[in-house]
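Scrolling down, you'll hit the structures one after another.
Both complexes below contain chain A, partnered by chain B and then by chain C.
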Partner chain A sequence: MQSAPLDTRYQIETPEGIDLPLRPAGLLPRALAFAFDLGVRGLAMGILLVPLALLGNIGIGLGSLLLFLVSWWYMVLFEVLNQGCSPGKQVMGLRVVQDDGTPIGWSASLIRNLLRFVDMLPFGYFFGAVSCLQHPHFKRLGDLAAGTLVIYRQQPAARPKIPQAAPLGLPFTLELNEQRAILGFAERQGELSAERVHELASILAMPLQVPAARAAEQLNGVARGLLGPT
Partner chain B sequence: MKQSLFESRHQPQWQAFAEQLKQLEQGKRKAGDMADFPHQYRRLCQHLALAQERGYSSYLVDPLQQLALRGHQQLYRHRSRLTANILSFVLADFPRLVREQWRFVLIAGLLFFGSLVVVALLVYLFPELVYSIVSPQQVAEMQGMYDPEASRLGRLADRAASEDWMMFGYYVMHNIGIAFQTFAAGLLFGLGSVFFLIYNGLIIGAISGHLTEIGYGQTFWSFVIGHGAFELTAIALAGAAGLQLGWALIAPGRLTRAESLRLAARKSMQMLCGVMLLLLIAAFIEAYWSSSTTTAAWIKYLVGAVLWLLVAAYLTLTGRTRHAPE
Partner chain C sequence: MRLSDASVVIRPRTPWEAMDLGVLMAREHRLLLMASWAIVSLPLFILLSAVFWKYPSTAVLVFWWLKPAFDRLPLYILSKSLFGETPSVKQAVRQWPRLLKGQLLSSLIWRRLSLSRSFVMPVSQLEGLDGDARQKRLGVLLQRNGGAARWLTLLGMCLEITLWFGAMALFYLLIPQQIELDWDWQRLAQASGSQALWLEHMSNAFYALILVFWEPIYVACGFSLYLNRRTVLEAWDLELVFRRLRDRLGSVAPLLLLVAGLMLAPFFSQSSMAADASPSKPVSTQAASQSIKTLLEKPPFKNPETVTRYRFGEEKTAVKNQARGDGKLPAWLEALLDNFNSSSFKHLARGLEVLLWSLLAGGVALLVWRYRDWLRTFVSRRGPLNLDTDLPVPTQLFGLAVGAETLPDDIASAAAQLWPTQPREALGLLYRGLLSRLLHDFNLPLTNADTEGQVLERIEHLQQPDLLSFSNDLTRHWQNLAYGHRLPPAFAQQQLCRDWRSLFNAGATQ
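Presenting the complex of A and B:
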């Protein structure tokens, strides 16, 4: 239906026959999320180990169990039980999903987090970074093996007001892309400078058969007409 | 239909759907209570398709897409097999998997036990060899641990119950960590697993050869024979899982390398779950049985032999019949 997107979006088709776009996250936000998780883990261990150290030998035993849990299971538990988000990912607005957009399960999460060990080789996440940078969907080696994807959790954007203008019909039919483009122009006007608005609108002055100075107003009117009464 | 009319007509439905989603995501309500959730989800999908087809604005289409994605996440879930089928996994699937992958298990076993036995013999025959494999401090530490004069075995001379606890925690962390490493390194075309198998074989072999040679054999062997059945088998199996990963990359067959890796990873993960189980058992035995000195050495040898037979029988015989208990 749609042509291949120019950006890094990753399309999945659902059984209902609709395409859902996912936005894979790149190296930097993922590295920051990992750094945050590392900090959280360090802090938690620091706080918990102090009282455990006072407990003597049982404390040391519990402490090593805890260390094992935190170093190997922290990510897995959070990803599976918390909708694919470890605390770091939550902060950075990321989440892990399977390649087909479904939530991550125990097996996939274990694979991607155990293979983290290889991503860290030979030093400081070198293999993971190389793999992440050369892959079209930014997968590290663990993601490749587990068939998972780190994506942005998108929040709905606040809707801007369309500038006031008299609704207007065009004497010819618009194609879908053109319709979307005109609506997009009207909705995003607030983010652009007046000069840029003028420049963009004047491209369409000719087909609209209006002087360049009035093109923006004309387009807003068309957008109003498309949107219908509000 | 104009966009604003479409929107005002269906807005309440979308809001209700978003509300349902929020409850599901926060786990406040179970999916079973919401009989109409699939119906609502499909209606949303229809609205999304309509909105796209009619060229409505991105500010309408994008939120609908996000709602549909969240709904998709809630509706299509991979049933986690780990919790549901533990029993059938232990009783049938795991030994079956080990037999199915017998080539990798054989290679990993040969690498690990082979290097262990060869080095143990070499060190026994040429005692000074031990210092080129293990550092002198470590040798001294090991000698202190298995000194026949000590009343209880393990890391420290005399241990109370709380120390059993401590050692249990330590063994779990240390051994499962080694198994995970051995497995994960297999991603490097299997070379990492080969390295860790041989490396661990070398260390264990050197120490056992050395301790036997200086006459601490009785304390050492009666200590390790019990849990060794589970621990050494588990390390070899973890290596086999790693080799499987590596082999999927070396010889993917008719699949692409990425696809073949994904399939192999799923299989080897199951194997690794079994390994974790074995190592937990090993840590228990090691902390509570192997370390006691009140039992005579011959009982320990006997129990150890029985445990080795048990592990071998478990891996070779369990789950042979199709209708194993599930």
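Presenting the complex of A and C:
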């Protein structure tokens, strides 16, 4: 049995001793985000190049400049100026940060986007995909060089609904994860089947010193008690 | 299935994160997964290529179509390793024919093109559901995460193609320039006949190799998506924490029960006995196997006994007999072992034993002899022997030559002659003469380390007042001259020579 169980989390400890759990994003959402960005770029180029094509040689020159700007600066500008989110990443709920969780800067963004062309070798992101599938934090070669990390953005959580029950205290203390589990039990009851709710609650029937049938109700009361007045 | 044994962190994740976990799981067992997949799929690929040599596209199509059959092996490995029972490559490959039994045809025919193939594969393979039960289960599972599973398959297809072309491009780039062929795309496209066949088979082989890398990841992603769906549906994470909480509090609960039981025992003894006799609730298979194991560890099945004593040689025979009993030893080795028991070998062994013991004794004696002085000094009660006799007589004391041969015969007259011209040499001669006499005539154990004062102390032990007073005088004058550069007065010079003559020449004539 290995020492630590596998997890997709990436823990950063701040100097203040606070653990920041980041969730690195894997190949699949990133590929979708890239495809979206590619589509956006293609669309923009198509729209802009049509009038330029009518301008003859000047148009071709301007078009080349535009092509250069879009292919080399699209990602960099969006990442640096939009909190690490290109439009595709925005759609997929992703974000680029430095390895230590700080926002990405110009140099890191330039490096990771210049090395995109190494990732593309020898054909269609071959190296990038293999590196992404093999690295524990799903980094492609550009990420490795720039010291950056693509993570899932924290989505604003909806306000959970907790079943009505009389708030209850417990005669024993609960640890943090246990408090979370009891709150989670109360919040997620809607998604669980009634039998499963009963089964889960009956695990704790004996410590709570209530009959198994009333354990779920009791746990909801404990959750209310943990939540405090709302 | 015991959730507490899970080798991954169980908590509800978003579908994408769940698939990322699958990538990590595949990474954890990458070698095992790739090796077993290669062992199973590559021989079949070669066979297909041989059979459909004329039709390479058919070969790769059939190979592609058979993917669900191969996929069962990674899924088996992953499901085993999820709970820490990672099989070896050999065990896994042996399991493969058995894994193929259930619902193979349906998975190869009408479920082959399902986009959520990897997501629903555990339902039939691990849960063993079929027919209506399976449909019902899928209905529940696919309520969510179905979209992610379809994206997984679509992206997987794109990735396969990308990696396929990438691998071929890499191969092309790695061909040395010297043997570069004049390939161009038009010729390759138009190439036909047997020349093109091997090219196509080679590109098919790249596809098979790419699948060795990618397909286990695809299966793992689907499996972790399935795990995540069930985690959400059945709140596995909550169950895990609740069970731990119960175990934590369980150490208190038995005490309460005991107290309550003691108080109520007289009234409820009958009913509690009855309750004990009948199983209170159905036990899970894990719990049952656990309790069977603990029962088998206890008497009367196992009676462990600890015996502690010293033994010689018996272990060897025990091991040998055991090995022989198991029939694990080859015949020649057994014969050899039997020979060792015969009488001639016994004599030989006896002789060897004697030899070894005498070697040991000799070694000890040698050691004692080598360190005899050390032993006598530090171990023996009598203390060290008087070693003076052994010491060689020093030929020099404080830098003065004291050998009898370096001195003139008549020291006093020689000194008296030297006095007027070289008083230092004269006094030195007298002192050397004294030391030489002490060494050779009186056998004083003087060493090079003795000082003048120590020499005087030794003379004191001789109990000869004349000698002592002469020596005192001489030493005092010698020290004054040697260190203080003060010449002895003239009468002292005469006195010393006279005393010398009276002390030693008289002794010499005796």
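Couple of notes before you dig in:
Everything that follows uses one rule, which is that the second predicted complex is superposed on the first by the 222 of 230 C-alpha atoms of A that agree within 3 Å, B and C clash if a C-alpha of one lies under 4 Å from a C-alpha of the other, contacts with A are read in each partner's own complex, and residues count from 1 in each chain.
Note that in this section a residue touches a chain if its C-beta (ideal position, glycine included) is under 8 Å from a C-beta of that chain, and two chains touch if they have at least 3 such contacts.
Everything numeric here is computed off the predicted structure, so don't read it as measured data.
Contact with chain C, but none with chain B, is seen for A:133 once the two complexes are overlaid on the shared chain. After overlaying the two complexes on the shared chain, residue contacts for A:11 are found with neither chain B nor chain C.
Once chain A of one complex is fitted onto chain A of the other, the partner contacts of A:184 extend to both chain B and chain C.
Applying the stated contact rule after C-alpha superposition, one finds that A:206 touches chain C and leaves chain B untouched. Once chain A of one complex is fitted onto chain A of the other, the partner contacts of A:154 are limited to chain B, with no touch recorded for chain C.
When the two complexes are overlaid on their common chain A, residue A:26 makes contact with chain C while staying clear of chain B. Looking at the shared chain after the overlay, A:63 reaches chain B, while chain C stays out of its contact range. Considering which of chain B and chain C touches more of chain A, the answer is B. Annotation: chain A residues 1, 174, 177, 180, 184 touch chain B in one complex and chain C in the other.
The touching residues of chain A, when paired with chain B in their complex, are 1, 14-18, 20-22, 56-58, 60-65, 67-68, 71-72, 80, 83, 97-98, 100-103, 105-108, 110-111, 114-118, 121, 141, 144-147, 154-157, 159-160, 174, 176-177, 179-180, 183-184, 187, 226-230. Within the complex formed with chain C, the residues of chain A that make contact are 1-2, 5-9, 23-29, 31-32, 92, 122-126, 129-130, 133-134, 136, 138, 152, 172, 174, 177-178, 180-181, 184-185, 188, 191-192, 196, 200, 203-204, 206-207. For chain B in complex with chain A, the residues that touch the partner chain are 2-5, 25, 41-42, 45-46, 48-49, 52-59, 62-63, 65-66, 68-69, 72-73, 76-78, 80-83, 160, 162-163, 165-170, 172-174, 176-177, 180-181, 183-185, 187-188, 192, 245, 258, 261-262, 265-266, 269-270, 272.
Only residues 5-9, 13-14, 16-17, 19-21, 23-28, 30, 84, 151-152, 155, 158-159, 162-163, 165-170, 173, 213, 217, 221, 232-235, 237-239, 241-246, 249-250, 252-253 of chain C touch chain A when the two sit together in their complex.
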